[in-house]
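Below, each structure is written out as structure tokens.
Same chain, two partners: chain A is paired with chain B first, then with chain C.
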Partner chain A sequence: MQKLTQVFVIGGLLRFLIPSLIPSVVQALGSTVELSTPINSYKSLQEAFYYLQQGIDLYDGGVNHHPPLLVIILSVFQSLPFKEVWFNLVYTLCDLFIAWKLIQINRWYNFYSAKRYGKKNERFSDDIIASFYLFNPLIVLTNLAHSTIVFTWVFLMESIYQVIFTGNVPRSMIALGISTYLSFNSVYLLPPIIAFAHAMTPTNIHRVYIEGFAIYFAAVALLIMSSFTCTSSWNFLDQCYLTNILLKKITPNVGLWWYIFTEMFDFFTPFYLGLFNIYTLVYVIPITIRLFQFRSNKKLGDSFLAIVLVYIWLSFTKSYPTIGDLGFGLSILPIFKVTIFPYCRYTYVIGLTMLISLLLFPIFYYCWIVLGTGNSNFFYSISLIWGVVHVLIILDLLWGKLVYDYSLDNKIEDVHKLNLAQI
Partner chain B sequence: MVLLTGLILSLLVQVTIATQFYKEHLNLKPYPRNKLLTGFDFNIESQPFELSYYNVSATTGEIAHHYTHFPSSLGPIIESTNTRELHLRFTQGWWDAQSWGKLPHDGLFSGGTGVEVVAVIEAPDIAIAQQHWSRLTKILSGFFCASLNFIDNDSTTYPKHLTKKIGGYAPEQGNKLFLLRAALPSEPVCTENLTPFLRLLPTRGKSGISTLLDGHKVFDSLWHGMSIDVVTSCEDNGLCSLQLHQTINQMVDIIRSIRKQTEGGIPKPTPGDKLRCDTSKTYNVWQCFPLGDPTEIDWSLQTIYGRKIIGSAFEDGDRETSSISVDFDPAAWEVTFMKDAPNSLVHRSLSDSKDVHVSEFLHENANYDLKFETKSSTNVLPIVAPPLYASRSLTGYSLDKGGLRVSFANPSDKPVTFVYFESTPWFMRLYFNDLKLSLKNQDGEADVTANQEEYIQNRYYRPAIDRTRPSQMELKITIPANSSLAMTYSFDKSLLLYHEYPPDANHGFDIEPAVITILEDDKATYEFRTTSLLLTLPTPDFSMPYNVIILTCTVLSLAFGIVFNLLTKQVVTEEEFEKVSANTKAAKIKRQVKYRIYQVKQILGI
Partner chain C sequence: MKLLFQLLLTFFIVCGIAESTESADPISEGNYEVGKHTNNWAVLVSTSRFWFNYRHMANVLSLYRTVKRMGIPDSQIILMLSDDVACNSRNAFPGTVFNNMDQAIDLYGDSIEVDYRGYEVTVENFIRLLTDRWDDEQPRSKRLLTDENSNIFIYLTGHGGNEFLKFQDAEEIGAYDIADAFAQMHEKKRYNEIFFMIDTCQANTMYEKIYSPNILAVGSSAFDESSYSHHSDMDIGVAVIDRFTYYTLDFLEKIPKDSKVTMDKLFEEYTFENVHSHPGIRTDLFQRNISEVLLSDFFGNVQKVIVDNVESDLLSIANNKSDSQSSTIKRNIKRGPIEFGHDSEEGATFLPGISPSLQAKLLGGATVVVMLGLWLVSPQI
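What follows is the complex of A and B.
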């Protein structure tokens, strides 16, 4: 067997066999706060199936926050025999799909950048890229927890893939629209993906923008309208999207929102809600513009990196993040092995900080919730460190990219000898 | 509810036959292990009047005085909120169904722990019904000194199975009747609730059997329940009257009452010579195996209530206004009826008739007492087993999730059908998809989750919405003969906002008791409640608001600053940086200042 096939087979079996043989794994991981939030948990999806079966309005209650079409489509598997196994299969296939797309993107990116920079290419081989995704513990755990964020990733990957390989902006936008429909935060990825499409389509720039925006909004509107016809009420907008924006469901998670709003004085809550939402949005467009591939200088900028950076930024600032969000961002990074990675300086520090916070998350949560020997501050402090990890990753990547750009711009071969600063 | 209404009506029919608007009754029944169940019943009826829908915004004429013995304080409240039925329950303690059997009045007048309000309100739509309900609970809150004002939409439920046939009254054209229910399980019931209760009586607790009702004694019992029921009953001629039925039931520990009378309120260690030792075992100055409670006891109403019944309810009233009855085993008990009038002293034995149920009317202006004597207090009338036993408990040990386990045991030889009503607050996020049933009978225990439809014939579930409404579940369950059914389901606990926690957040939150209504041919025959539950929620650190705001915002601004610098600034080498920074305005000013200082130093010669 080829190495790549081996990786796929092992990665697939890992995702399929573990939950099929030990079904309690899904239950246990599904109620772990680091892996699933009320917005994307499998537990609430199953409760939604129950509502559907009992004829209870899906959104007339505080448990289900999954969009209607997802619930309705997935409920097909619910009616089949061995329904758990079917779900395991679906989740496994989703992850394999994402891994496959990553391989494609890796091939393309390194081919593209070799052409762009006129350098020799020593990219990671396909099997390593696939391993980075399929054996990333954060991704494996998220998948075993059956978090519905996996479906969002599928469509996100599809959206990027379509831009690269078919140059078909409408298809890409439809995929992004579905991804937005599945989880609200994908809307923030629209600017970097449009910019990416701009970079990838050499001609007809205006069409990219007009078509892109129009089709994206049409896709989202269509999905929302069809959801409306399915549920015959607008309640789902409130339950699926407003809950995200207004943080209506307060449960501990790895993000920065939950504790500040738990502790916030009632009077200031609207102000801070506005602030946090603006904060999420604030660097989406600046990052896109900074890494934009302007035609004036063909070598600078990297719109693909902008997408990844914006995703990591969202993972840092969104209201219901999971550790899988960062894991997904990290799994894409090996693609940049040749271009940016050599200029990253803090990988060691970041790795250790991440490892420690990942170890302490469950311990401190257990101390607070089960043992009662700790309190919420313990868990909160780790979520702050988790935030710092994001900041360090963004800092390192951006700086790495800037240094790389400097070397390209000034045609310096060995940039490591230079001491660079910003002005 | 139908039965309840019927029962009240039938009780009241007796009243009207006696052409009386007021009637009171006291029932005493000794229970095993030296317990006594006392039941006070008061029935008051208003004069018939023409009832019309009261519009809050329109200024209608003043409400006529038609109450007679009906409390004029309560009447306008009921009418102005368009309440057609009102049921209030104040209960505390735990009814031990295993040793005490059925609840008094088949449980129809006994609530769950805390306070419970059920009202039938007439209104054109639900929003107006909610307004009426809100006004009603707020007024009642002041009236009964209970925290009923905390009843809000997030604790109000609209029971389905109770709404079927609310008889006796037809709403006006365009109006409907709404049934609303709320419970406050953490409400302590005490003297301040008894005083308004007594003030509803025409006797004000100054004469008749209500003179026994002293707060210290009523609430010093193993279990006690107060109920207030107002029902509108209408005749064919369109005239309606309000009927008020009040009860107090309590389970008294006689030994405790006797001890309190002889030794006072503070328990003391039993002196050596009063110890009751098991003589079949070794006993001496140093050793004593204590015996159980004495069985040869004598006591009277005076022992239990600290006073006698003062006269009949009204001096010139009907002779059947006040009555007293005793249920006992005449072979074992000697019950003496004692009437202590100013010029006569009558002692009459009630055990002579050999009847198990004896009643007496109190119609003279005298002090009444009942004396109970027995050689063997264990000989009491047989306990009637309830049709079903139920217990509900919380499972799980963590603060973020848990489960509920309800177990029902059917002791009888025929299947029992009942409606299980449960309402949980919104911060319990229930997951019904993992509801599990297990059946236990003589063949052993089996998981019957797969064919749950066989046991749960009908289900109504309305999920909770955060901060808006509680969850409401009504299940129609049938349990086969001689089996017990355990039902489990799980829930997640929400984290509340800082200001939503009560001052004693770590104490936990009370979950209201579930109501079980036994049905026979679709008619409610018996009603009882499970115990309330204490749910602990995860709590934030309450001393942290400022720290959290500061720390979180520090991380946010750190990220903001770093990314801002990276995105906006130009990359240069350090040499270039030095050069540029040497030519900034600030650097120039700095250089000049340095030069001036140098010059000054030169002049001063330092």
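What follows is the complex of A and C.
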């Protein structure tokens, strides 16, 4: 406990003191293209606060893409004195909250896996899991940039937590609904979380599905209706969600969409937009189904892994990703220390590639925009490599899981003695 | 009465001029047909470089001088030279170009305007010039801005051969290229008539392929014949003029600006004894009879002026009209209050009497309360 407290204190102070003492850090990081996209940038949030204060429609200028309720609720802090400090506090608490939930999930997962597989529970201790999240540089930078994706993560974690610890699917769906309301791409996490709930619920499967879907859509609908009431118009739908789906703001980011749509003829744009969105969608259900814990064989499948994989997949195919998205996915991975990591083959390559692309992102952006000696191809090539990192991670985790399943299925003691290949 | 007087006056003046011209002209003028053109252009190209091609430079500069003397302004002359002769280190008379041993005329002078010099004289630039296919950055002074009423005199000189002409010792233009360029010019209505003169070896082959109408072509030598230089200057050390151009100039120097001499008189100068080769004249594409075509149709800049008969001058007409009605009527324009545009309509407030931001905050709070309530009452499955 002592170590855990230390980790929390240091992580909290890191996120609280640095922006409070050096306010320009927030501005500087919030201007980088890797950490803030038009959808979740802190600067546009501040602009939205000003609009709200002046009584201007929040979505008038096309700057703000945050949902109305987020703007309204956070504007409460805006009116307090020392508002920057309050915001730092809010973001710090969010991150500590997520770290705490991660610790609980880690404990549960390893306990559950040990029970399932009949193996020893050799999990990472709490403080290490918390450190993996709190000291993950990608997460720290995203938090210091005050990107609003942190709020999405809070509700996502809460959603998963509720399924595990209270078995309360409605609460989980409410949390997921709020997460979707804040960031559109969370809707793709609905199938994995419902499947996870299904796997965790021994009885009453039908209730899980019916209530799950119903409450999810009800929560989202309630929030949208409330937003409509607050802003007296439907503009927010276009600005918050359609911008995400239809890529209405083509700005550089670490994703794969923007470059292709920069110079596409208008004739082809609808086709490719549909294609890119479908590409995001089609992998979700197969991953969920493949990793599902069927009743027939209690040992195979891992629905929690499905959620993590789908999240990493979303980070790959999102329209406006940040490097924090992958950071978030990565910080959940230490939970799988026993079950999957021993069988992953590319950890070293992935680590190095990630390091290189993280180093080159700002360099090539600087070369392109500031110096003018580079061009967008440099930057996009690194974002392609960033995508390769995602793909390698997904492949590696899947391979590890499949090998583990195989070893369980065929009761092989030490898989490393075998030379397994995929046919 | 006034009209009759004006007509008579014009007639007498014209007669007077005609008579004076006739008497001043030593060579008989014959009949002539006034051309349809309204402006004259000249494209004079020397396609050679280096000191030993001095005579090609002198050829072109001589014709430049002639054409200027006959009236075509610099703005309507495109001069393409390699321009490496006058200031060449081998030039014993620096800054000068002569076309005769007697060094009577310095062709280089003070006031020549070279449009394309040095390595700008390329086949591409020549064809672009003729067809006017340039980027937006090409300056007007380097473009051939002709229209369908322009007569163009095109003169090429240099080293040539069977259906080709060498440009700057690096590339060639073919007879077909010139023919196609002229065809483009015809399609784009860029000329009324073209007089194409070429002084190279086997020059006649260069005009054989032309197929557009209204082109009169003259070449200095036939197929498999060379064109010769006229003489060398011992002090300069190289030949200073070619035979064909020498005799052309010899004829043209005697022609004043307003001469009525016809083209066939020029062509009579081109004999084997003079030129030491068989010059060719191609008239099949040219619609007018060359015995009725004036030299000044191509070498000069004589414009046909039609005096318009009006009752009174325009200025007085304009002034008279303006007295009857006032041009500046003061109108009283009512201007309303200044309005700013609105991007979207003002939304209806659900709770009247409260400012939108406070209303939004209240509703936001209400939503949070509702969500919390739902959270708390959610049953466990």
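Note that in this section the second predicted complex is superposed on the first by the 420 of 423 C-alpha atoms of A that agree within 3 Å, B and C clash if a C-alpha of one lies under 4 Å from a C-alpha of the other, contacts with A are read in each partner's own complex, and residues count from 1 in each chain.
In this section, contacts are C-beta pairs under 8 Å (C-beta built on N, C-alpha and C of every residue); 3 or more make two chains touch, one makes a residue touch a chain.
Values in this document were obtained by computation on a predicted structure and should not be read as measured data.
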item: Which of chain B and chain C A:Asp60 touches, first, second, both or neither; value: both
item: Which partner reaches more residues of chain A (counting touched residues only), chain B or chain C; value: B
item: First (chain B), second (chain C), both or neither touched by A:Asp414; value: neither
item: Partner chain in contact with A:Thr231 - chain B first, chain C second, else both or neither; value: second
item: First (chain B), second (chain C), both or neither touched by A:Pro170; value: second
item: Chain B versus chain C as contact partner of A:Leu223, first or second or both or neither; value: second
item: Where chain A meets both chain C and chain B, residue numbers; value: 54, 60
item: Touching residues on chain A, where the partner in the complex is chain C; value: 52-55, 57, 60, 68-69, 72-73, 75-76, 166-171, 174, 178, 201, 204, 207-208, 211, 215, 219, 222-223, 226, 229-233, 235
item: Contact footprint of chain A on chain B as seen in their complex; value: 397-401, 426, 429-434, 459, 461-466, 471, 492, 494-499, 538-541, 544-545, 548-549, 551-552, 555-556, 558-560, 562-563, 565-567, 569-574, 576-577, 580-581
item: Complex contact set, residues of chain A against chain B; value: 31, 33, 38, 43-44, 46-47, 49-51, 54, 56, 60-63, 248-252, 256, 258-266, 279, 282-283, 286-287, 290, 313, 316, 368-370, 372, 375-377, 380, 384, 387-388, 390-391, 394-395, 398-399, 402-403, 405-406, 418-423
item: Touching residues on chain C, where the partner in the complex is chain A; value: 343-344, 347-350, 355-357, 359-361, 363-368, 370-371, 374-375, 378-381
